[in-house]
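Shared between the two complexes below is subunit A, which has subunit B as its partner in the first and subunit C in the second.
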Partner chain A sequence: MIDEPFAAGNSPIHREDPRSRVILATLFSFVVALSQAFATLGAALIFALVLVIAARLDPKKLIKRLLPLWLFLILLWLVLPLTTTGTPLFRIGPLAGTREGIILCAQITLKSNAILLAFTAWVATMNFAKLGQTLDQLKVPEKIVYLLLLTYRYIFVIEAEYGRLLRAAKIRGFKPGTNLHTYKTYAYLLGMLFVQASARAQRVHQAMRCRGFQGKFYSLYRFEAKTADWIGAAVQLAIMALLIGIEWKINSPL
Partner chain B sequence: MEDQQPIVKLDNIAFGYPGGTPILKELSLAVYPKERIGLLGPNGSGKTTLFFIIMGLLRPTAGTVEVFGSRLWEEKDFSDIYRKIGLLFQDADDQLFCPTVLEDVAFGPLNMGKSRKESIEIARSTLADLGLEGFEDRITHRLSGGEKRFVSLATVLAMEPEMLLLDEPTTGLDARTRERLMDRLAQLDIAYLLISHEMDFLADTTDKVHAMEGGKILTDTTVKLHQHVHAHIHGSHPHEHK
Partner chain C sequence: MHIAEGVLSGPVIAAGMAVAGAGTAIGLKQLDFDRIAQTGILSASFFVASLVHVPVGPSSVHLILNGIVGLMLGWAAFPAILVALVLQGILFGFGGITTLGVNTVIMAGPAVICHYLFGFMIPKKPPISLTAAFGCGALSVFFAAIFVGLALVFTQESFIEVSGAVVAANLPVMIIEGIITAFCVAFLKKVQPSLLPGYPG
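On to the complex of A and B.
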């Protein structure tokens, strides 16, 4: 369901301090999302591609991960130019494709690819456990961190439970179709899944109490930043500053 | 043995889930230090429920639970019993909720106020004792069923309990892994109560076996498996073993 195809590896990015990776990825997303100029967005995309190469990501798996985004973008290119108002560039029947629409599409395409690639390079290169520890150390509220970690832990269990229920139904001749019986069966399955999940939550809580849990999580790990980590983070921050600089120069409100 | 203080003493316990029929009735049981007791009973007879009552997770409707002489539910705080009694859950997926094995095993020690360094040391040595070196950074949900069982045992043993409650530890284990579990249990010198449906496993790992039926523990017909391999669990047919 959730595999982590990029988590294992020994590239410079994999070795980078996870905290600076998470911070950089977050910063980068903001910078790219708020930028308008094509120079900035192009530079950002190139930077993201450099990161991907530095992280030595498997191109096949990467494309597989980007595919849903690209499908979505194709849809956008089909609709947005025709529905955005502005200077018409071409006509299809009664509809006009506008310059503004095409610019918007191009911006969205560059932004989304750059952000997704950078996130994959920086963040998908650590497993969930490490991401949790990192967020915890970055002082993200522990409730959010543990919500994330427990969701990740039990999503597989719940998936397995769903699989079992569905198999049980199929074994007894259940064939999904578009009829009331199908909807009712799926409703039962879903209901069962909720019941089981809440019973599971209760048992997990009991198991935690049995091991002395009193509402406070203590985390086990502390990451130590090495000099190389500081230098690496500084360089990447400088690149980010450069992106902001380009954007400022072109689209300065002053 | 009887002149020692029992670790756990249950007296005339009654219990039923809200809106359900009574599950335990007039149940009494005492476990003394180093006693290894098997618990046998049909599905739904309330064995798991009994463990939850001993741990203070469920409150009995009648009767008393004493752990090391102090009564549960009388004082507000009995977090202390979690240090003394360890419960191994029937389903290992309930027990292992941390992302990595080391974090999971260190969870108990951390809660007990141990430092990060101490907790890691305890976790590592507990894992090593169970033959689980190299498992520290494994992702818990990707472990096999047998591995999950052993890691669960490690999470409980890391709290250095004086007694264990083992809820069907052999389900899903193959013969070899069962053997390994048997060896580990034999090496422990703490008391435990062990639920299992496997007679031969009980015979090898426990000194006596109690049968649960009709919400009670049939101590009068304590099954002596060592002397008598085919077990009789029917209280209504008294049967002498000499």
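On to the complex of A and C.
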């Protein structure tokens, strides 16, 4: 059920300094989310596609990841043009499809695709241990970082535990259906999962204490930004500045 | 339940970040280092539980379980859900950086509200505690759907129909979450009540 399809790989993006990747992804997400002009959004989508190519992401897995977003966007295209007020462009029975509604849909489509593609290329290409250390370096509160690393560490263990419980139920003849018995079985199964998780947490905490845990994780990974990292970050920042520039020129608030 | 990137307006994004930041700060304050392992591993189990699909007629819905997260964690639901959303974003591509605040409020806000509305009734006798658990499970999903709707409507008024559809689509989920939360609380009361509020830890 759970895997990290893009974490392993050898590409210019995978080799880029993780700190600059997280910062760039955050900046890019905000710039695109807050922009309105089609020129900006189009350029952003092209930039995101370039990143995806540079990261050499598996196209099949990428499309699988984009599918839920596309389903949501199809829903928006079906509803929003008809529910937005403005200049009517076409009519379906008593409903009018408006120019404003179509513009809104197009903006959302460009933005959401660009942000998800860029995020996948920059951040989903990082393994979690590295992401945790990166966030620590970027001064994210350390409790959040530990929580993130611990949660990530145990989702796979707990998923296996859930699989075991479900198998045991199925071997005893459990067939899920729309009935109270099914819901009761799932509820007890999840209750057992929480009980086991809590017992495991106690053992983990004791083991951590035995090894001298005093509220600090130490990392063996050394961050060092090479000249190539600085150049790469500067180029990508310049592209971001260009995006802001286009948006500013077209939709200047002044 | 989450809102995709690129939908919300600047003010809504900013408001979401502010509320999520405040909630997470309170949650972290209550979370000392002795509870980190407990919260992290429970939050991993909630993450796995939210991948469980239960059948409803010919289709199936996946569980959200933010009600029971709220019961078990209180304000720590904010950091736990924040972390779960980061994981979802990276592993599955749901949500993203700009919507992280809003999505955290959508899930963790109802969890904390339901903790205070129903938590004190959980140690009472079964008719009361089970009704409270059902209400907790159902209302936490209902509030989450309402929060999604509000975030969309405050972004653009033309989202009102989409928001209505979100709430309507979540009505069956509400009932199922209520039933599962009630059974789950009944189970935990028998097996390990210390996980629930109102029992000595």
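We take it that the second predicted complex is superposed on the first by the 254 of 254 C-alpha atoms of A that agree within 3 Å, B and C clash if a C-alpha of one lies under 4 Å from a C-alpha of the other, contacts with A are read in each partner's own complex, and residues count from 1 in each chain.
Throughout what follows, a contact is a pair of C-beta atoms (placed from the backbone, for glycine too) under 8 Å apart; a residue touches a chain by one contact, two chains touch by 3 or more.
These numbers come from a predicted model, not from an experiment.
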Partners on subunit A (subunit B, subunit C) - clash or fit: fit
First, second, both or neither for A:Cys210, with subunit B first and subunit C second: first
Partner chain(s) touched by A:Gly132 [first = subunit B, second = subunit C, both, neither]: first
Touched partner set for A:Tyr188, first subunit B, second subunit C, both or neither: second
Of subunit B and subunit C, the chain that contacts the larger number of subunit A residues: C
Subunit B versus subunit C as contact partner of A:Leu66, first or second or both or neither: second
Subunit A as apex of subunit B and subunit C, Cα-centre angle in degrees (nearest 10): 70
Which of subunit B and subunit C A:Trp230 touches, first, second, both or neither: neither
Contacts of A:Leu220 with subunit B and subunit C, given as first, second, both or neither: first
Touched partner set for A:Phe90, first subunit B, second subunit C, both or neither: neither
Lowest C-alpha to C-alpha distance for subunit C against subunit B (Å): 9
Contacts on subunit A seen with subunit B and repeated with subunit C across the two complexes: 128, 149-150, 152-154, 157, 200, 204, 208, 213-214
Contact footprint of subunit A on subunit C as seen in their complex: 4-8, 10, 13, 24, 28, 31, 33-34, 36-45, 47-49, 51-52, 54-57, 63, 65, 72, 79-80, 82-84, 86-87, 89-94, 96-98, 156, 158-162, 165, 176, 179-184, 187-188, 191-192, 195
Touch list for subunit B against partner subunit A, complex: 52, 55, 57, 79, 82-83, 86-87, 89, 91, 93-95, 97-100, 102-103, 106-108, 110-112, 116, 119-120, 139-141, 155-156, 159
Subunit B-touching residues of subunit A, taken from the complex the two chains share: 127-129, 132, 149-150, 152-154, 156-157, 200, 203-204, 206-214, 218, 220-222
Subunit A residues within the subunit C interface of the complex: 1-4, 25-26, 29-30, 32-34, 65-66, 68-69, 72, 75-76, 79-80, 83-85, 100-101, 104, 107-108, 110-116, 119-120, 123-124, 128, 131, 141, 143-144, 146-155, 157-159, 162, 176-178, 180, 182-184, 186-188, 190-195, 197-198, 200-202, 204-205, 208, 213-215
